[in-house]
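Right after this note come the structures.
Shared between the two complexes below is chain A, which has chain B as its partner in the first and chain C in the second.
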Partner chain A sequence: MKLTLGSIIRRSLIHRRSRSLSALTAMTVSAGVATALLTLYASLDTKLHKEFRSFGANIVVTAPANTPNLAEQVKKAAGPEALTAPFAYAVATTDRGTPVVVAGVDFPAVRAIDSTWQADAWPTAPNAALVGQKAANFIADERTLALTFAGQKQTFASAGHLRTGGDEDSRIYISQADFAGWTHASPTVVEVQIPGGAPQVEAALGRLRAQLPGLEVEPVRQLVEGESRIVDKTHALMFGAVLLIALTVGVSVLATLSASVLERRRDFALMKALGGTQLQMMALFLLETVLLASAGVATGWLLGSAAAWAISETNFHTATLPRPQVLPLVLLLNLAIAAMAALLPARALSTLEPASLLKGE
Partner chain B sequence: MFLRLLYESFARQRRRKLLAGLAILLGTTAVTAMLALATTIGDRIHQELAVYGANIVVTPKADQLAVKIGGVDIKPATGGAYLKESDLAKLKTIFWANNITGISPELPIKVDLSIYGGATANDLLGIGLWFDHPLTGGTMTGAPQLHPWWKIEGSWPKGPGQLVVGRALATKYNIHVPMRAGLAIPGAQNGIDDVVIYGILDSGDDSENKVFMTLNTAQNLNGTPDAISRVDISAQTKPEDAFARQDPDTLTPAKREIWYCRPYANSIAYQIREAIPGADAQQVRKVEQSEGTVLERISGLMWLISAAALLAAGFAVSAAMATAVLERRGEIGLMRSLGASRTAIALLFYAENGLLAIVAGAIGYLAGSALAYTLGAHIFSGVSTTHALNPVLLPIVVALALIVAIAGSTPSIRAALKQDPSAILRGDA
Partner chain C sequence: MAEVVTTSLNENQTRAECAVIALEHVSREYTGRGASVRALDDATFSIVAGEWVAITGPSGSGKSTLVNMLGCLDRPTAGTLKIDGADLAAMSPTELDRFRADKIGFIFQQFHLIPYLSALENVMLAQYFHSMTDEKEARASLERVGMGHRAQHLPSELSGGEQQRVCIARALINNPPILLADEPTGNLDQANQKIVANLLKDLHQTGHTIVMVTHDPEMAALAQRKIALSHGKVFCHPIGGPVVSLRR
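Moving on, here comes the complex of A and B:
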C-alpha cells in the first residue's frame, strides 16, 4: 500500500479518535466564543443607541408662530428614519380661572417619541384630553373640562392623568385637530428623534439647518453627549472582555493541542527513522491541526452565533442575526492558534535523535 | 507515602504543572475580572448617567400652576409657595440618605443688570443656586454637579458679589469676564451696586438667558431668606419593576415595609415627601425610566458575558487538565502494576489537581482583581467607590477553579484507570 500524506492524516485522525475529538472540542469552544463575542460586539452600538431612544427627542426645532406646514417640512428634512412629533401651545384658563398651558399634539407620535410618559389612558376620541397630574389640581370638573382661550369656551373630556415629573405635569394635552379648530394656532415646536449616535445627529442637524433656514434647530446636548460617552465606554469594556476571554481560551487551546502533539514523539521518531524529512513531519502536524481547526471553526461559528442570538434575545429583547463577516477573523484566529500549537512542539522535537526517542529515553 | 508522591509530582514535573497551572490562572483571572466588573458596573454606569441630571424633583405642594412653554415662564408666579433651604438637612435623615448623590436647590427671581459703562438689561431671569455646597462624606454638590453638560468660561460665583451670565445674554450685551455691574430687583430699592461677572455659561438650552448667583444672594435680594422654590435631586435607584409602581398606602404593612426599604425612585420620593413638610417629590420619568433600562441592559450584558467567560474558561481548563492526565498514563500503569489501588491513584491525581487549582485560582483571583481595577479606572473616569479586592469573589472563584479542575480531569482519570496496566506499559494503548 502506498502511503500518501492524505491517508496518513486520515488514519491518524480516525485511529486516535478520542484525542482528535478533544482537540476538536477545544477548537470548537474557542471558535464559538470568538464568534459569539465578535457578533455581539459588532451589533453592540446599534443596540445600545436603541436603548437610549427612551430618553426622548435628541433634536428640537422651534419655529415662529404660524409657520405653514412646519411638521411636514421637518419630517421631510429629518429623513425617513427619524421620528417627529409637533407641539402647538396656547395658554387657556380652567373652570377655576387658573391659567394653564394647553398643547395640541399628535398622540401616536408623542407616544412613540416620549415613551416614558405615563398616561392612565391615551385619548383617542375627539375632544378628549390628557391632563397633567399637577394641572388636575386646578380643575374643578374633569369630566366636562371647560377651558377658555381668547373668550372661546370649549369643553373636553379627561381621558386620564399624565405623569412625567417634568413641565408636562402642569399642562393639558389635546389632539392637534381639536386644538386647531379651537385656537386656530399651528405647531411651533417639533421634537425630532434621530436613531443612532452623535454622527447621525450631527448629520441630521446639518440637513435640518440647511433646509429650514430661519428656524431654530438645537440638539438636546446632554442627551447626545452622554449617550456617546456611555456607548463608547461600554464598547471599550466589551473590547477588554473580548481580548481577555480570547486570550484565556487561546492559551488553553494551545496547551491542549501542543501537549497532544508532544505526546506523539514516538510516531515522530518512527517516521523520521523510516526516512521522513523534517519538512514532511512539520507539514503532517500542521495539516492535521489545521484540519481540526477548520472543522472547529465551522461548528463553533454555528454554536457561537446561536449563543450571541440567545444573549441578545434575553438582554436586549431583539435578535442578533448570525454574521458571516466575523467568519474570516475567527478562522484566522483559530488557524494561528493551531499553527502555533503544531509548529512549536515540532521544532522542539526536531533536535531530538530518533534512535534515543524510540528506545524510550 | 501519599504526601511524598504528591510532593515529588510537583517537584519533578515542574514544566508540565506550570502549563496546567497557567491555564487555571488565566481562566480564573478572566472570570474574576469579569465578575468584579459586572458587580461594580451598576455604580459606574450610574455615575455616567448622572449627565442626564436629576431623577427626582421636589417642589412646594401648594405651588401655583407653572405656565411654561419651552422653559420660558409666561406668567411668572408672584408670591408663590416656597420650601425652606434649612429643611434640606432633613434629607440626610431619610432611610436612603446615602443613595442621594446630588442636591441642587434653586430660587428664580427677576433682576435688572446694569453693566458699568455699558447697557442696562431689565427684567432678566436670575437664579440662585448652590455652588460647591458640602454634601455628606466630604463631597461637594450643587448646580454644576447636577448639570454636567454646563460649560463655564471663567469661574462659578462664590459670594454675594459674584455673578455668571448665560452665553446668549453675554452675546446680546457684549459681556466679557471679568466685568463689573450693578444688580437690582425691578421696581425695588434693594440691590447690590458692585458685582463682578466672573463667568459665562454655555448650556445649549434656555439657561443661556439667565443670570446666575449664589442662593444666598438671590434670597437676600428677593427679601425671602431661606426660601427655595425647587430642588433637583440625583439619587442612586433600583430600576423600577411592577412592585415599585404600587401605591404604598394600599399595601399591607409588611409589603409596605419592603416597598419602603427598597431604593426605588418612588420610595425615595415618598420618603422625601415625609421628611420635608409641604414638599411634593416626583421622579423625573424621562431620566429615571431611561436610566433604569440602560443600566439594566449594560449590567445584564456584563453578567451574560461573564457567564460566557466562565463557560469558556471552564472548557479550556478542563481540556488542559484532561490532557495533563492522559500524558501520564505510563505512570498510572506503573503504579497499578506496583500494587496501588485505583482509589489511591485517583486520590493522588485529584489531590494534585486540587492543590494546583487552589494555588493558581488564588493567584488568578489577585490578578483578575487587579486587572478589573485597572480596566475600570481606565475606562470610567471618576474615583471608584469600591475597593479593588472583593473578598466575596475569592471563595467563589477558587471553588469554581476546584470544581472545573476536578470535573475536567475525571473522565481521563477514569479512562486511564480502566485500561490494563500491562497494555499501557507496553505502549499499545
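Moving on, here comes the complex of A and C:
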C-alpha cells in the first residue's frame, strides 16, 4: 500500500460524501447551464433566422409585364443560397361572373418560401387549382372550376382551399405552365428569401439592384428589422442569464469550499504540524477543487447538451446536437468560478496556525 | 540510563552542552488589542537528551505558550531558544516547518487523527510529509504501541485510548529526538491512562526525550523532573530532587 496525494484526496472525497456531492452538484449545475446556453447560443442565429424564414420572403422583385426570363435573372442575381418563387397575375371571371385574381406559380417554390400557407392539398396534376378560401365564395362549381380570361374559357379542378389570413385568400393559384398556356402572360413578381440576418439581406438587395436595373427591388422591411431586433435582444438575454447563473453558482461554490476548508482546518493544521508545506496543503485543496470542477464539467456538459437538445426540440422543432466545442469554454468558466471561490479558503489555509492543535481547538 | 547521565550533570553550564532543548532568558509576549500579556517571562532552563520532563501549572500560567515554542510552532519575542543545537530565531518559516517535522513528535490531547484515513495511513501520513512512506516501518510502529491488529481501522472505529496509541505511533515514526505531549491522558479513563503511561515509560526507557504537559499529579510523578509554571515564571525542580508544591 502506498499513501499518495491522490489517495489522500480520494479518501477525503469519499469520506465526506455529502460535502463532495454538494460541491459537485453546484459545479454540475454551473457547467450544465453554461453548456445548454452556449450550445443554444451557437445555433441560435441559425435557428432564429430559420424560424423567421417561415414567415416568407424578405425581398420582393417587381417587373413590368413581359420581362423575359425574369425568374431566371432574379435567381442568378440572388445567389445559389436564396430561394425564389415567381408569380404571374391575371384577372379572370368566375362562373358567377365575379372578377378574381388568378396567379400562375411554381407550387414547390411557393411551398418552400411561404411555409406558413395552409393548403388542404397542393395541386400536382395539370389543370389543378388551389383556391383561396374567400375566392371559393365566388365560385358555383368548384369541381369543374370554369374561369374566363380575355374571352378564353378554361376549366380547372380544385385541389383544395388555401388559408393564409392575407390577400392570398381571395386568389386562385394555378401552375405556371397552365397559366402561360391560357393567358400567354409571364411572371411579374418574384419573391426572394435570403438566408441569414439583416446584413445578408442588405447585401442581396445591393446585388439584385445592381444586376437588375429597371426592376423594382424592395425588402420586406418589417420582417428584416423586426428580425434583427429580436435576435439582438435574445443574445443580450442569454448573456445576462449566463452571467447571473455563473455568479449565483460562484457564490454557492464559494460557500461549499469555504465550509469544506473550515471543517477540515484541524486536519490541515495537523498536516502542517507533521511537516506539510504550504505548497502541499494548497495542492491538496486545489487538486480536490479542480477534480470536483472537472467532474462537474463532464456531467454538466452531458446534462446541458441534453437540455439544449430538449429545449430546441420543443421550441424550434429541430434538434440541437451536442457541441464538443463548448466543452473547453465551459471547463474554463467552471475553473474560473472554482478558482475565485477557492481563493478565500486558500487564504484561510495559508494563515492556518498548527499551534491551534495544542489548544485543543 | 538517562538518569545516570543526567544526575552527573548538575551544573547549568555543563547541562547546556548536551541539552536538546536550551532556553536562555526566553520571553513570549502577546501584544494586540491595546494590551500586552507576558505569557512566558524570562525562562532559562535546559532539557537534556533522554530526559522525561513534566510541565505543570495552573490554567493560564503559560504551559501552552511554552510548549508551542518547544514544538517550533511559535517563536520567542526575547531571548534565545535552541533545539538540538539550532537557534530557532535564525530560521525562515519554511525551514522551521522542516525542522519541526524532523525534530518533534507530537502527542495531542485530542489525538488529531485524520478521520478518513486508517490507523496505518495516519501513521504513514507523518512519513509522507516528512520524507517517504514505508508501510513496513509504519506497521512496526503500530505493533510497538500494541495496535498492529487494528491497522486498517478508521479512527472512528477505535476507542480514545486506542486512538492515543495510534497518535503515539505516528509521533514515533520519523524517530524525532523530542516527543512533545500536551495532556496525553487528558481525554482518557484510568485504564487507558495506565496503558499510555506504560507506553511513555517504555519510550523513556529506550532513550526518548519526553516533554509532557499535565495537570495530573500521578502522570507528573512519572517524570524525572518537573518544570512548574506560575504566571509565566518558570520554576525548575532539580533532577531527582524533591518536588516543591507551588503556591496557587
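Quick note on the criterion: the second predicted complex is superposed on the first by the 323 of 361 C-alpha atoms of A that agree within 3 Å, B and C clash if a C-alpha of one lies under 4 Å from a C-alpha of the other, contacts with A are read in each partner's own complex, and residues count from 1 in each chain.
Please note the rule applied: contacts are C-beta pairs under 8 Å (C-beta built on N, C-alpha and C of every residue); 3 or more make two chains touch, one makes a residue touch a chain.
This one's a predicted model, so the numbers in the text were calculated from it and none came from an experiment.
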Exercise. Taking the superposition as given, does A:Ile8 touch the first partner, chain B, the second, chain C, both, or neither?
Worked result: second
For this session: Could you tell me if A:Arg17 is touching chain B, chain C, both of them or neither one (first, second, both, neither)?
Result: neither
Exercise. Among the partners chain B and chain C, which is in contact with a greater number of residues of chain A?
Worked result: B
For this session: Give one of first, second, both or neither to describe whether A:Gly275 is in contact with chain B, with chain C, with both, or with none.
Result: second
For this session: Quick one: classify A:Pro354 as touching chain B (first), chain C (second), both or neither.
Result: second
For this session: Considering only the touch criterion stated at the top, classify A:Ala307 as touching first (chain B), second (chain C), both, or neither.
Result: first
For this session: Check whether A:Arg266 is in contact with chain B, with chain C, with both or with neither, and answer first, second, both or neither.
Result: both
Exercise. Between chain B (first) and chain C (second), which does A:Arg143 come into contact with in this model arrangement: first, second, both, or neither?
Worked result: neither
Seminar exercise, completed: Overlap of the chain B and chain C interfaces on chain A comprises residues 266
For this session: Spell out the part of chain C that touches chain A in their complex, as residue ranges.
Result: 64, 67-68, 71, 73-74, 94, 97-98, 100-102, 106, 108-110, 112, 114-117, 120-121, 124-130, 133, 135, 170, 182-183
Exercise. If you look only at chain A, which of its residues touch chain B in the complex?
Worked result: 18-19, 22, 25-26, 29-30, 33, 36-37, 40, 44, 47-48, 51-52, 54-56, 62, 89, 91, 98-101, 114, 116-118, 134-135, 137-138, 163-167, 169-170, 189, 218-223, 225-226, 229-230, 233-234, 236-238, 240-241, 244-245, 247-249, 251-253, 255-256, 259-260, 262-263, 266, 307, 311, 314-316
For this session: Would you pull the chain A residues touching chain C in the complex into a rising list?
Result: 1-4, 8, 11-12, 14-16, 266-267, 270-278, 280, 353-355, 357-360
For this session: Would you mind writing out the residues of chain B in touch with chain A in their complex?
Result: 19-20, 22-23, 26-27, 29-30, 33-34, 37, 41, 45, 48-49, 51-53, 56-57, 64-71, 74-75, 147-149, 203-205, 282-290, 293-294, 297-298, 300-302, 304-305, 308-309, 312-313, 315-317, 319-320, 322-324, 326-327, 371, 375, 379-380, 415, 427
